[in-house]
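Here chain A shows up in two complexes: once beside chain B, once beside chain C.
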Partner chain A sequence: MDMTGTQHIEAPRDVVWAALNDVEVLRQSIPGCQSIEKVSDTEMNAKVTLKVGPVKATFTGKVTLTDLDPPNGYTITGEGSGGPAGFAKGSAVVRLVEDTASTTLNYEVKAQIGGKLAQLGSRLIDATAKKLATEFFEKFGEAVAPPAEAAAAEPATTEKKRGWFRRLINK
Partner chain B sequence: MAHDGIGARLPRKEDRRFITGAGNYTDDIVVRNAAHAEFVRSPHAHARILRIDVSAALRAPGVIGVLTGAELADDKVGGLICGWMIHSKDGSPMRAAPYAPLARDVVRYVGNPVAIVVAETKNEARDAAELVEVEYEELASVVDPAAAQAPGAPQIHAEAPGNTIYQWALGDKGAVDRAFAGAAHRVEVDLINNRLVPNAIEPRAATAIYDRAEGRFTLYTTSQNPHVTRLVLSAFVGLAPEHKLRVVAPDVGGGFWSKIFIYPEETVCLWAARRLGVPVKWAADRRESFLADAHGRDHVTHAEMAFDASHKIVGLRVKTIANLGAYMSTFSSSVPTYLYATLLSGQYDIPAIYAEVDAVYTNTTPVDAYRGAGRPEATYVVERLMDIAARRLRIDAAEIRRKNFIRSFPHQTPVIMNYDTGDYEASLNAALSAARYAEFPARRAEARSRGKLRGIGLSCYIEACGLAPSQAVGSLGGGVGLWESAEVRVNPVGTIEVLTGSHSHGQGHETTFAQLVAERFGVPTDQVSIIHGDTDKVQFGMGTYGSRSAAVGMSAVNKALERVEAKARRIAAHLMEAAESDVELKGGEFVVAGTDKKIAFANVALAAYTAHNLPPGTEPGLKEGAFYDPVNFTFPAGTYVCEVEVDPKTGAVEIVQFTAADDFGTIVNPMIVEGQVHGGLAQGIGQALLEGCRYDRDSGQLVTATFMDYAMPRARDLVSFNVSTTATPCKTNPLGIKGCGEAGAIGSPAAVINAIANAIGVERIEMPATAQRVWETCRAAQAAVAAQ
Partner chain C sequence: MYQTTYVRASSLAEAANLLRDNPDAKLISGGQTLVPTLRQRLARASHLVDIVHLAELRGLTLEGDRVVIGATTTHAELAASDLVRQRIPGLAHLAGLIGDPPVRHLGTIGGSIANNDPAADYPAAVLALNAAVHTSRRTIGADDFFTGLFETALDPGEIVVRVSFPIPRRSAYEKFHQSASRFALVGVFVAVLADGSIRVAVTGAGPCVFRATSIESALARSFTAEAAESAAISADGLNSDIHGSAEFRAHLVPVLAARAVAQAR
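== the complex of A and B ==
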C-alpha cells in the first residue's frame, strides 16, 4: 500500500533534520513505541505495540536510515515481526522543504503487512496504516515544534489546528 | 406406492435435531482429558525456515507439547498425497512435490502449518502458539496462475520446473485445426474462473484419540468420506494400519467437497495424540478456514469455437491454466482434467474438441474440487462462448443452442463421455416458458423507462455425476475405485438398519435412503435407520461428493434390498406353502398371487431369526450386503435462465428472475432436490456476483480472509427461484437417478454473467461482477457507443 502526505512544522529545516536523526524524537513519534535503541548512526532496534482491529501485537524489529541527504531528507525503513500476528514493514521517503522559518515535510510511505494482520481485510489495514503514518508525522511535528509555541504564533497556526482536529477525530 | 416412498415430499428426518441444536458434530464430542491444539502458521507466502524456537512456548502455562516438522520426520510420518495420476501430453507423469503436514524447510503459502501447540485449554494453546518463534528468510512469491509459468517466476518446488505440474491435453488437435480452417465463423473469449473459498457453515475439526491399551487410534473428524481418510492415513501417511484406526465423521455441517480431502491438520492431530499421550482436539476458526481449507476454481482460459455457415458448431479449442496452489491436494489433479475437459461438449453435438490444460503451483492455499468441481468451469467456457456466438452471429441465444443440441442417444462426445440419455430441448422449452422468454423485450423496454438495463441470460449445462465406473476411473489415473457399498440389516421385529458407504453432510440421506426402503418393502420410514460415517460400523465406502450418493450409493442399497427381498420371499413362500414365483411383496406384506394368503414382512423377519421353520438349506437371519459399481457416469442437464436489472449509475445488479429446469432423472424426494438446487444456485450466483478470493500480487498475502472482504451470498442478494424438472431417467443405474447436488452451482454462473452482458450490451465481464466492475463496464460501453 502506498500513501503520501505533508506535514507543516514551525521550525527551521536544520532543526527538523536533526530531529529526524534523534532517537528520542523518533521514540516519541513512532506510534506505540515501547523502546528504541541506537545500534549505529543509521540503525536502531525498536519494540512497538500496535493494535489493528482485534489484533494487538508487539513487533520487534529494526529501523534503518538510508539515502541520507542532509538536510533535505532520507529514507526511513522499519521492519518488524509480531510473531503469530504477522509482520509489518514499511518505508518512508522524507523530503524537507525550507519555507523561511518553517519547514514542509513531504512523505511517501510504502507499507506491507503479512500474516494475521493482512487477513483482517484491506479496508481495516489501509485505514489503520494511514492513521499510523499521519500520527507519526504529527507527533514528530509536535516534538520538534511543541504546540504551545505554535498557539502563541497565532497567524501561522491553520495547519497546526487542522492537525490537532484530525488527531481528535481519529481517536 | 407407499405414502413415503420414492417421489414423496417427505420432511427430512434429520432436521429436528439440526434445527433444535441437538446435532452431534465433531467439536461436540467430549473426550475425557482431551487437550487442545493450535497451529502455528506461516505469515509469509514463500520463505525459508531458518530457525524454530519452541522453548518459550513449552514453558507457557498448560502446554503439553509443541511439535514441528522435525519431530514428524523423526517419527517417519509420511506426506500427504494426490490420488489421481495425470500424464502430460509428452507422456511424462505429473510432477508432484512432497507435501509434508508440517513444513520443515520452506513454507509455500500464507497459512502453511509449521508447528502444533497442544495445551490443556484452547486459550492456553493459542497463547503459547504466539510464543513459538520462527525465523524466516523471505523468498519471492507468485500467486497468479498465468504468471507462475513466466520465465524468472519464483520456483516453488524443485520437482516442478517452471512451476508446471503437468501439460495435459485431450481430444484430436488435428481434427480441430481442420475444423477451424474450414469454418465460416469463429468466436473466441478469454475467461477467468474466479477463485473461491468453500466456507461450509461448520469449520473443519478433529478429535484424535490414541488408546495405548489396544494400540488403536480413533479420529472423529469433519469428513465427507471417513473410509478414504482411513485408507490414506494408513496406506500413505502410515500412522496406523487400517484395523488399528477408526475414523468417525458424525454430523457434518456442509462439505461441498472441501471436507473430502486429507489435510495436514487432522493428520497432525492424530499423530500428536499418540506422541503426546493425550487426546487432541482441534477446531478451525473462520479465518483459519479461509487459509487452510482447499480453495476452488482459479482457471485462466482462452477458448475458441468455430461454426459452419448454418451456425452449427464444427470445433472447439480450449487452453486453460489451472492454479493448484502450493501443494497438490487429494484430488486436485483430476479437477481441471477429467472433471473439466470431458464436459466441454456441453449439451451440443460438437464433432471436434481439443483442450490443453496446464496445472501450476503457486504460493497460495492448495486448490481442489469445490461444488461442481471442473464442471462449472467447463459450463462457463461453453455457455459464455454460445452467448458470444449468438451475439456475433445475430441469432437468438436460445436458437443457437437449440440448433446444436444433441438429439440422439447414446451420444459419444469427442472428449471421452458417452451420454446415455437426455432431452435438452425439453428442459430448454420448460425454462423458456417458465421464464416468459418471449415477452422479455417488453420487460426490457419497461425497465429502460425506469433507467435500468434489463438483461436475460441462458445457460444450458451438463454434468457428469454418479462418480464413477471404477475401471474407467482406474484407466484414467484414479487411485481408487468409485463404487459404493451397502448393507441392509433387518431386525427380528422388522425394523431395518441400512449401512451405507455414502456420507450425509446436509444431503438428507437419512430421509431419502429410508424412502427407498419404504418404496420397496412398504415399511414406514420411521422404522428405518440409515447408518453412515463410521469405519467401525460400515465396512468400506467411497463417501459423498460429485452428486454420487443417490445414483451410486442408493443403487448399492437397492442391490442389497433385492437380496434381502429374495431371501425373505423364499422364507415367506415356505411359510405360506406357496411357490416362490407366486409370492410378491406389496405394501409391507408378502402375498400369494390370486389368493388371500399373506404374511407381514415383519413376521417373515421374525421367522428368519427364530429359525424354527426355514426352507431347507436356508441360513438364519436377514442381512445382506452389496457393492455397486456404476457402468457409466450419469448426465444431469438442464437450462437456467437468469434475468437481471443493472443500474448503470451505480453498477448494482439485481437478479429479478431466476428460472431453473433440471433433468435429474428419477427424483426420490422433490423437496430435498429443490433444496439442493436452491443451495447450488445461491453458490453459483455467489461466484458470479460476489465471491472472489484475492491474494496480494506482490506479497502473496491472502487479503480476503474474513466475511468483511469475502462476500458470501445472502438472501437479499437472491430472488425466489422458479425451479422445475423434466425427466429422462438414467439408463445405466437401476433407479434411473442422475444426481442433483451440484447442478445449481454448475449452471448458474454463466446464466448470470450472460444476463449482465446482455443487459449492458457487451461481450465480456469478469466474475465476480461486483458493482464497481459492472459500473466500469457500463461506462466503457457508453464511451464506445459515444465514440461511434
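== the complex of A and C ==
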C-alpha cells in the first residue's frame, strides 16, 4: 500500500532536519514506541507496541535512515518481527520544503505486513498504515513546534478524541 | 491462545472494578472478534471478564418514542424482535445481515459498537438513527461516539450498557458484502428521523463510519433514489484493498444509498 501526506511545521528547515535525526524526537513520534536506542547515526533498535482494535502485538526490530540529503530529506524505514503475529515493514520518503519561517514536510509511505497479521487483517492493512503514518507525522510536528495553545491542555484533548479521521474528512 | 483467567462478573460494578485493577483485562460478551484474535495469539488478555449474562445489560423495550436495546442483545434476537421489525425495520434488517448464523447468535450490539470495526454494520445504524449510547458512566451521542479506526469515545474501563434508538419515520440499510467475511465492503443506512431530518451513514468505505452529507442534502431536496444516486462521493481517504479500490467504494455509496431510499419504510 502507498500513501502520501503533508505536514506543515512552524519551524525553520534546519530545526526540522535536526529533529528528524534526533532519537528522542523519534521516540516521541513513533506510535506505541516502548524503547529506542541508537546503534549508529543511521541505525536504531526499537521496540514498538501496535494496538489496533482487538489486536495488540509488540514488534522488535530496527529503524534505519538512508538516502540522507541534509537538510532536504531522507528515507526512514522501520521493520520488525511481532513473534506469532508476523512481521511489519514500513518506510517513508521524507522531503522538506522551506517557507519563510516554517517548513512543509512531504512524505510518501509504503507499508507491508506478513504472517498471521496479513492473513487475518488484510482488509485493515491500508487503514492501519494510514493511521500510523498520520499519527507519526502529527506527533513529530507537535514535538518540533508545540502548538502555542498546547499549555491549555484540557479542551485540546477533547478535540483529539474526535479522532484523526474526522479531521481528515472535515477538511 | 495464551493463558488467561476467566471471570464471570456478578455485576456491572464488579466488571468495572476488575477492568480498573487489571489493565490487561478484556471484557467479553459474544466474543466473535475477541476469541478468534486471542486464539491466533494476536492479543493477550490477563483476564477475560464475562458480562454477557448480566441482567443490567439485557432487555429490548419500547420507552416512549425510543427503542432501548440492552448491550448484550444478540444480532439474532434483534433481527427477530417484533418491536424492532415494526418500529425500526431498517435496523432489524441490518441485524439479520451480519456475519453468519453462529455470529448472529453470539455476537452482541454492545460488543460490535465498542469494537468499532470499520466494516461492521451496527455503527451505520447507530450514526444514521442518531442513537444514544448509555454507558456505565454517561450517555454519548452517536455523532461523538465513533472517533476513528477501531476507536470510540469510550474511556478505558467504560462499559456500554444499552443503546437507545429514536423511532424514525423511515429507515433502510443496504449492504454490499465481502463474500468471504460477510463484512460490509460498503454499507449504507438511510434514516428519516421523527423531525423530518435525513441522515445517511456509511460503513466499510472509510477507516471509520461517517455521514454522507452530500447525499443527505440531495435527499433533503428530494427524497428519491435518483437524488441519492446523483450525489457524488470523493474517493479521498477511503479504503482500498484487494477486494475493492477506493474509487469502487466511492461509486458504491450513492448506488447503495439509492437502493436504501427505495426500500425505506
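Methods note: the second predicted complex is superposed on the first by the 146 of 171 C-alpha atoms of A that agree within 3 Å, B and C clash if a C-alpha of one lies under 4 Å from a C-alpha of the other, contacts with A are read in each partner's own complex, and residues count from 1 in each chain.
Going forward, a residue touches a chain if its C-beta (ideal position, glycine included) is under 8 Å from a C-beta of that chain, and two chains touch if they have at least 3 such contacts.
Note that the structure is a prediction, hence the values are computed from the model and not measured.
Applying the stated contact rule after C-alpha superposition, one finds that A:Phe87 touches chain B and leaves chain C untouched. Looking at the shared chain after the overlay, A:Gln112 reaches chain B, while chain C stays out of its contact range. More residues of chain A are in touch with C than with the other of chain B and chain C. Legend: residue contacts after superposition of the two complexes on their common chain; A:Lys56 is shown touching chain C, with no touch to chain B. When the two structures are aligned on the shared chain, A:Thr128 is found in touch with chain C, with no touch to chain B.
Comparing the two interfaces of chain A, the one with chain B and the one with chain C have residues 83-85, 116, 120, 122-124 in common. Residues 33-34, 36-37, 40-44, 115-119, 144, 147-151, 153, 178, 181, 183, 206-208, 210, 237, 239-243 of chain C are the ones that touch chain A when the two sit in their complex. The touching residues of chain B, when paired with chain A in their complex, are 40-45, 110, 129-133, 287, 290-291, 696, 698-699, 701-706, 708-709.
Against chain B, the residues of chain A that register as touching in their complex are 83-87, 112-116, 118-124.
Those residues of chain A that touch chain C in the complex are listed here as 1, 52-57, 83-85, 116-117, 120, 122-128, 130-131, 161-166, 168-169.
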